[in-house]
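Pasting a structure below so you can have a look.
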Amino acid sequence: MGIIEKIKTNKSIDNQTEIQKICLNKLQSSPLPNPKSEQWRLSNKSKLSTLLDYSVNEKDLKLDITYPKNSQSTIRLVIGDNCQINLVEENYSINQLSEDKLVKYIKEQISCFDQNENWSDLLNLSLNSTKNTLGFKVSGSEIPPIEIFSHASSNSLNAKTLIIFLEKNCDIDLLQVNLGKDNSSLSQSTFLCLEENSSVNHGVVSYGENKSNLLNSLNVIQQKNSEYNLGSLHFKFNYARFEIRIKQSEGNARTNIKSMQITKKDEQISTYTKIEFNGPNGFLDQINKSLADDKSHAIFEGSIIVPKVAQRTDASQLSRNLLLSNFAQIDTKPQLEIIADDVKCKHGATISQLNEEELFYMRTRGITLTEASKLQLSSYFQEIISFIPVSKDRWDLLDKLLNEN
Amino acid sequence: MQSKMKESDPILEVENLSASTDNLPILKGVSLTVYPGEIHAIMGRNGCGKSTLSKIIAGHPSYNITNGDIKFLGENINSLEPEERSQSGIFLGFQYPIEIPGVSNLEFLRVSTNARRKFLNKEELDTFDFEELVKEKLEIVKMDHAFLSRSVNQGFSGGEKKRNEILQMALLEPKIAILDETDSGLDIDALRIVASGIKKISNAETGIILITHYQRLLDEIEPNYVHVMSDGQIIKTGESDLALELEKKGYEWTDNFIKET
Amino acid sequence: MVNENLVKDVVKEPYKYGFVTDIETEKIDKGLNEDIIKLISQKKEEPKFLLDFRLKAFKKWQKMKEPDWAGLGYKKIDYQDIIYYSAPKQKEKISSLDEVDPKLLETFDKLGIPLTEQKKLTNVAVDAVFDSVSIATTFREELAEHGVIFCSISEAVKDHADLIEKYLGTVVPASDNYFAALNSAVFSDGSFVYIPKGVTCPMDLSSYFRINSGDSGQFERTLIIAEESSSVSYLEGCTAPMFDTNTLHAAVVELIALDDASIKYSTVQNWYAGDEEGIGGIFNFVTKRGKCLGKRSKISWSQVETGSAITWKYPSCLLLGEESVGEFYSVALTNNLQQADTGTKMIHIGPKTKSTIVSKGISAGNSKNSYRGLVKIGTKATGSRNYSQCDSMLIGDQASANTFPYIKSQQPNSEIEHEASTCRISEDQLFYLQSRGIEFEEAVSMMVSGFCRDVFNQLPMEFAAEADKLLALKLEGSVG
């Protein structure tokens, strides 16, 4: 059954909403992304079709994965779990976005979607129902950290959508956790809008079980003087794709990204980023790390676009990759497109294995090869993990990475 | 305070000079006259306009002269290009010498020296003759020949950069040298080398303006005059003991002068 | 702000090779079909294997689509509106240079490439190609004494058919890409070099390509074979007259290096770039590739690209032999409405292979300058290394500089390092040089050539000086 028919026969979709109609309409002409397009060329076709193979009818709505206990100070929300939020406190408020506002915002976004570039979002929005959409706006100060969960149930393809508006002068720490069950596919689309002078420390941690799949798309718009910090980690997916699109709508904003993907067995995990500067004085510091072991495949493609209006942009991008097995492969493709002349842009990429000199040095001090490798890996991971906000300690991420798989 | 040198014509006359950058006034009526053989020191807090004054004399394009004149050997030079000023004998020693990747120091020095020689109607030097000349001048700043094959200022330490500036001064033999914080970032040995270099190069025909925060360079090279700048103006002028007094009492002491005037 | 107008003035030197030689030429009809290909082959008295090679390539080309992925904007080429063979009329057999039309000799004289016995360059052997045919090759006898074969590829087809049949199309197969297929079908002339075992070629070899006719395309083909332990340095220069139409240049260059052999291939490309409004100019769509077949073999590309309306060129190395080495050093300067999309592919196949990429792009005016590269380390290429450095310099705020380095590794025991940066001529640097008495234009060209230093150092001596001058000329009037 083709994906279009599946969406149409989706029983969990009550009535087709306006957004679904628009997106379905866009998908109708070419239901799948063009495998020759830059964004999908390296994507494993059979894995992608497995991802789409699962039933789109939701069976098990409850999140039954054990996760660390909530700490009292943190607001925890699970998308799809009849999730509503309306909090008005002394210093801050977090309010559900009205249906009208959500629809208006998403329609604006869709209007500039590209069939290939935004295919993941088109799929998400055409699959999704009101129930699996969480949209809220945040204002005020001293806002407690927010944790948001998305998950897919076994043997199904579920779509979750998150929209957050951050009003002027407000700072938040936000942790998004995407969990994959065995034999499941999750489509997660996130839209963040940072108004002037706001700041977000955003963590995205995605981890699955056997044969879980993920399409994770993140769209961020930064107004001037905003600061967006992203720390992300993707691991244990049969197939996962993380798309990051950030637009500094008027420049004059700061963006820091530290992302990492770890692949083992025959997994394929890719990260695509596109950072656009639509005004002067923008700042970007980006690092992506990959580690590929066994027969796996890790991909990074990052583009930085600096048009004429973006004078005095300062952007740097680094792609660091560890290739640990003879059968694994790594693709990395940094891209710079620059028209402004008064800019500082640089990028770099390295692919190597663990540093042999360092390993040797540690071994001459009596540390076993395994231990020495772990030490090296933990310092490699730590740079990214330490950038993920909100209760990262409770998650034992480093331990998960070093020991679990 | 009249010096006997003043019987000859002045080298540099700055007359009531006001200047701005991005419509922000930086200099607000500076006057300064330098006669052959004189050493002037200009002191003042950061941001008082002393570096700006030096850049404007050298013709930096970022600044607009809004009022007043700069005369060099009696001629108004307000509208001359920086290279024309250099060729005619004005030298600016940079506070932060610029790094120019890929351009060899030797080639840079040669082109620069020949530009000045051409102006003086002297014969231009080919690579071999120039190497001879440089060797001689390297002695003055105690620099190694290896410096010449590196890119201009690239990867030079702070002290090496400053010595490279003095080497250029030695090669260009300017009529007037304005040395902008040439002493900053130098250890005591490097300071002595630089100071003795400056003394060797200057003579009764040349004028020198030292821009500095500190007394220590002035211990090595005694100025005839010391000017104190504040907020784009020279607020006090004295002889070398003014610098000592300033060192002792700090710049707060000079704030009183402003109140007085 | 650096005064943009002055910068612009520095780039505006008129093209000085824009003259047309008035000479009677033999041209075949416009258009492309099997009969035309047969006609070209017949005119060149080619053996059957070559005609078959051409016809097969043509069949493949017909099935291919013109690439558009490079993101270059240009008017569609009408392949039926091109003349595929154009040659100055000459006597059937020319036994010595004295019999070459003096007008042709004069043309090459004007281009600074004298061919006659009295005037010829003393340390470089030259093969001069005029439109579709090779006019003359100097120093042939001297080279022959060392066993070095240096002649036009048409002659090689006749005299060294075995070598041609063995190697032609083995590095760049006819089906490689659209323009390589077209070239394989219609190539008219080009140079052939064979360096026998153990020979170090006693002088630099050089081809000079001149497009004269406005409506014919140029499709030359170069093949260089370096046998075991031999070495050669080869230089290539190009110019064309100014026409307001676009002329297509689709060349193929194949290099083969066997055990311990080394080939150094240098290009100074100065085809006519079109005028300030982007009218006219050469479309330079070239496939250049070298195969390091032997152990410890080495192929080094260096290029200075200043001309052409559009350049689409990725000199590449296939590193098959153990410990073989590939190098790419490039300076690409674009001005006005020029577009350059250039870079390299380093394909590491054998173990312990090494590659180095240094690319310097300078974009001025409204031009577009892209570096596009691929470094691929295959599963067997254990112990391989790559280092890449791509720097862009932007002059003015209308020019664009893009970098698309693509890196793929399947071998953990290998190291890849890539660095890229963007800069401009800073006001501070200009002022510093000016304050030392250096004239504005000289200061700019000093900085530009400083920016390109790493690449110029790789060029043969005479070429390096020429490249420096060429860059200065091109930039005249563009910086301010």
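As written, the chains take the letters A, B and C, and residue 1 is the first residue of each chain.
Assume contacts are C-beta pairs under 8 Å (C-beta built on N, C-alpha and C of every residue); 3 or more make two chains touch, one makes a residue touch a chain.
In this text the structure is predicted, and so the values were computed from the model without any measurement.
If you tally contacting C-beta pairs, which pair wins, B-C or A-C?
A-C
Select the chain at the greatest separation from chain B, using centres from the mean of Cα atoms.
So the farthest one, by centre of C-alpha atoms, is A.
By CA centroids, point me to the most central chain in this structure.
Most central by this criterion: C.
What's the distance between the Cα centroids of chain A and chain B, rounded to whole Å?
The answer is 56 Å.
In whole angstrom, how far does the Cα centroid of chain B sit from the Cα centroid of chain C?
49
Report the inter-chain centroid distance for chain A and chain C in whole angstrom, where each centroid is the mean of the CA atoms.
Chain centres of chain A and chain C, defined by C-alpha means, are spaced 44 Å apart.
At least two partner chains per residue is the criterion; list those residues in chain A.
Residues: none.
Contact residues on chain A for chain C in the complex?
It is residues 308, 311, 321, 323-353 of chain A that touch chain C.
If you look only at chain C, which of its residues touch chain B in the complex?
Within the complex, chain C touches chain B at residues 3, 426-429, 431-440, 442-443, 446-447, 449-454.
Per the contact definition, I'd like the list of chain B residues that touch chain C in the complex.
Residues in contact with chain C: 58-62, 81-83, 85-87, 92, 94, 97-98, 100-104, 107-108, 111-112, 115-116, 119, 151, 168, 172.
Going by the contact rule at the top, pick out the chain C residues touching chain A in the complex.
By the definition above, chain C touches chain A via 377, 379, 392, 394-424.
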